[in-house]
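I've put the structures underneath this note.
Across the two complexes that follow, chain A remains constant while its partner is chain B and subsequently chain C.
Up next is the complex of A and B:
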């Protein structure tokens, strides 16, 4: 333990702690900007400076470790002035576009400037004028809003293992960009959108999908339907002031209906369908009748891009199942279109996703039908929240009891039923757990088998477990955050470890921590394990309440196979529900020693 | 069942090696064997620039691939240091002296005229590939100010109006 004095109070903390950590422990929040507890230290913004006696200059609290007898002053008129000047200098090279900026109200720079008391701008000078990259299907880069804190560079390298971003150039014209300053979609970017989440301003933002959706809703010739991913209901309430972890299925459905969607569907149905197809595929491979093991899950489009760019040798291992979103869209344009007697081209499918990579996935040629995309538009959770607010819909303040006079708050049919196995898709280990729930019954031929496989819920980012199934030991790995996936995949490529199945979700925590989820409410932070746990708890609560908790028990799935698809893995199912992958250039940098 | 190989590393590595010279490929292999391959980046970029005159995009990619470093980090370093050139040099390097003596004798007007005549800024090469414009601090010939060097030839006591004729004389050279 180290004893030191912070603001006149003698405190004792473990050796190795920083001043920032120490102050936080005793209720003092030192302002910060580039610092993030889950990323490496940068110490670049200098907002967290404090006065350390006898040092002669201010020290960054995030990067200075405590020593015995240290005397720290976190507040004085001089320090407050110095911090204010630093933030003011950042602001003076920053566009004055707060009112029209997507992050207005959620911007850390804006909050910081206000908190520190910047009330006028004294240092007006030259401002950088760098070209924006607005060509990305998922991620838009706006370097003029960038303050060079480097959080995106660190999340891309340390959490995602992609290393697509770095500071390019020098001095005034420095920009954070992919190699050669290339466009995002021409780089190794996998479109996960974590750079958007960690950015304190709006230097990264998702491509807007709302204009197209408003236009479609206003078009009388279009039948506009919407589907919502499992994790949306666990996070959308945050946009309306609900605490994280508030399940909001009913109010979400009612709101979307009021926006004018003629059908509100649940991507969960397709998640159940994915499980039925994928567990069939898994059992085929286990019994030597299909492709190679380990089976890699294929629901997360950021992960699929990563696979194609960084681990092309493992492409044959990926499940050929389309993601639940694309399966649902395929069914809406065929099965549903037939049921309502409309032509597929009149149906406009919108998907609300926790994900910005889904915008890219929707434009992959593999997910087109007769020259038109299966999914016409993808909205992030943030965009859906904005549309609902912008329309003036305010159901969140209403008690549930008065819900009878609102639009219907249950999902539309056919394909309206989903099981608890689908709900947990939104969080880490969910796809694996759902697959096991079905596979264990298919393999044993008995019902009433184990439901909960809590050991595959990789809340810490990576789990490698052995699951017993009908006398067989299955080696299972579950990873979220692609740097964790690398750890497992490198072992597969090197042949040092064998697995039967690996679930990979690109984003930390799974879809609940997706690149399109609401910016964290004040008092929480992005990547916060507590925030992710609360969102996950909402999904597990919904799962527990479901009548059916195994995908193959879903009566609507049984009807779909009887009506149209025949059996899992049939030719018809493959035509509609499966896809292919290919290596993509530019190839990612190989981080293995076997060249 | 046999599965077609989807690993394109062999093609990627072959393409990367083809853009570089054998001694650079060898230096990269040595660096790769080091505990910290990335610490060799700058010296390797010097080798590439020394051999090829500038750092082309495909060679930067090749260095990244063979060194096992993120390409973004490689181009980040290459764009940070002024010494590294990302574009080929022209046939003639024009160095405008911007040292104190030349400056007071009107070097900035000379520089402006060169920019205008060539249509390029400092560090850039004219569209015909003939001239690369650069600023120099002091060429050590202050008595001849303002001075412009073209290749290894010194042009003394220049005025802006002499610039077009000077450029033309190089354009006519065989």
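Up next is the complex of A and C:
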């Protein structure tokens, strides 16, 4: 323990604590900006400066460890003025576009400027004028809004292991960009959108998809349908003031119907379908009839990009299943179109996803049908929340849907039923758990087998476990956050460890921590394990309440196979539900062994 | 360095160096040195206002106390020491729009003394604009509206006829 004086109080804290930790322990909230508890320390914004006696200059509270006898003053007129001036200096080099900015109202810089009392501008002058990078299909970079806190750089390197972003140039014109100022679509960016999540301003933002959706909704010749991913219902309520972890399925469906979508579908159905196909693939591979082991899951488009860019030698291991979104879109444009007697080209499929990489996935040529994208538009959870608000829907005051002669809180049929196995897709370990639920029954041939595989829920980011199935020990790895995936994949490539299956989700915590999820409410932070756990608990609660909890028990799935696909892994299923991958190496880098 | 050097200009010289060398990591040095430089540039071009001195001091103290590394902490020192010892020079620039050591080009102008001028045409021949008119062997005149205050006429005149004020 270390004894020190903070604001006149003698306190004792464990050695190795920082001033910031110590202050928080005793109820002192030091303002901060570049600091994030789950990322490394930068100490660059200088907003958390405190006065340490005899130091001669202010110390950053986030990056200064306490020492015995230290005398810290966290608050004085001079420090408050210094903090205020630092934030003003940031504002002085930031566009005055708050009213038209996507982050108006939940911008950390705006909030900080208000809290610290920047009421007049004393030092305004020249502002940097750098071109925006709008080349990314998912992530747009707006360097003029960047305040160089470096959180995106750190999340990209430390959490995602991609290391795409870094500070380019120096001094007043420093910008965060891919190496050598490359365009986002030419860089190794995997479009996961974690930079958007951690950005305090709108320097990183998703490509807007709402204009296309508004236009489609207004077009009388289009049959506009929407599908919602498993994790949306766990997070969408946050956009309307719900505490995190409030399941909001009914309100979500109701408000989307009010927006004018002619069909509201559940991506969960396709998640069930993914499981049926993927567990079939898994069993084939286990019995030596299919491709190589370990089987890598393929639901997360950010992860698939990562695989194609960084581990091309493992591409044959990836499950060939499309992501649930693309499966659903494929079925909507074929199976559903036939059911309602419409032409596929009249059907406009919108997907609400927790993910910005899905915007990229939807434009991959492998996900086109007859020259048209399977998924016409992808909205993030944030965009969906904005559309609901912008349309003037009173989310809380939505009347019972019978009043509007609309079906109540059920998704549209066919493909309206989903099992609990699909709900947990939205959180880490969910795909693996759902696969195991089905695979165990298929392999043993007996029903009523184990349902919950809590050991694969990798809340800490990475789990390697052994699961017993019908006398065989399966080595399973579950990773979320691609830096964790690197740890596992490096072992696979080096051959030091053998696994049977690996689930990878690009974002921390799985889709619930996706790059398109709502910004955390004021006072909480992104990547917060507590926030992610609350969103996950909403999904587990929905799973527990479901009548069916194994994907292959889904009656609509059975009907679909009987109507159209035949059996899992059939030719028809492969045509519609499976895809291919190819190495996408950064320019100038060759595959090992290539000339 | 002597009485012919303007202390505000000296501060600007050092500050330009620090601003140029700033790596851009921490806010006070990256943004603050740019703002200090802008204020000093305002002062040396005669656009300074009375609040500029306290603003400069406020920024200088902020950058000195809260920058991350030694470069940032030392960057405001030339401004702080010239403000301590040569504050009058700053005030002359701001209030009287005058550079006491006649160094700040925006604050000086050149005139030809018609008594001393012998009409040798040297100044007119060297003027890069050109804005000096006059016939040989007759006093020359500078067109103040076009003069860029480069000082060439002042240095080429062999008769001390060009005055800097």
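Note that the second predicted complex is superposed on the first by the 575 of 595 C-alpha atoms of A that agree within 3 Å, B and C clash if a C-alpha of one lies under 4 Å from a C-alpha of the other, contacts with A are read in each partner's own complex, and residues count from 1 in each chain.
Everything below uses one rule, namely that contacts are C-beta pairs under 8 Å (C-beta built on N, C-alpha and C of every residue); 3 or more make two chains touch, one makes a residue touch a chain.
Treat the numbers as computed from the prediction; the structure is a model and nothing was measured.
With both complexes brought onto chain A, simultaneous placement of chain B and chain C is permitted, the two fitting side by side without a clash. Residue contacts after overlaying the shared chain place A:334 against neither chain B nor chain C. With chain A as vertex, the superposed Cα centres of chain B and chain C define an angle of 40 degrees, given in steps of 10.
By the document's definition of touching, of the two partners only chain B reaches A:178; chain C does not.
By the touch criterion stated above, A:167 is placed in contact with chain B and with chain C alike. Contacts of A:312 after superposition: chain B is touched, whereas chain C is not reached. When the two complexes are overlaid on their common chain A, residue A:583 makes contact with chain B while staying clear of chain C. When both complexes are overlaid on chain A, the residue A:43 reaches chain C alone and has no touch with chain B.
Judged by the touch definition given at the top, the superposed model places A:413 against neither chain B nor chain C. Aligning both complexes on chain A leaves chain B and chain C separated at their closest CA atoms by 6 Å. Comparing which residues of chain A touch chain B with which touch chain C, the overlap comprises 167, 169-170.
Interface residues of chain A, counted against chain B in their complex, comprise 157, 163-170, 177-181, 187-188, 291-292, 312-316, 582-583, 586-587, 589-591, 595. On the side of chain A, the complex with chain C involves touching residues 42-47, 49, 57-58, 60, 81-82, 85-86, 89-90, 92-93, 122-123, 125-126, 147-148, 167, 169-174. The residues of chain C lying in touch with chain A in their complex are 19-28, 30-32, 34-35, 38-39, 55, 58-59, 62, 64-68, 73. Those residues of chain B whose C-beta lies close enough to touch chain A in the complex are 1, 3-9, 12-13, 57, 60-61, 64-65, 68-76, 79-82.
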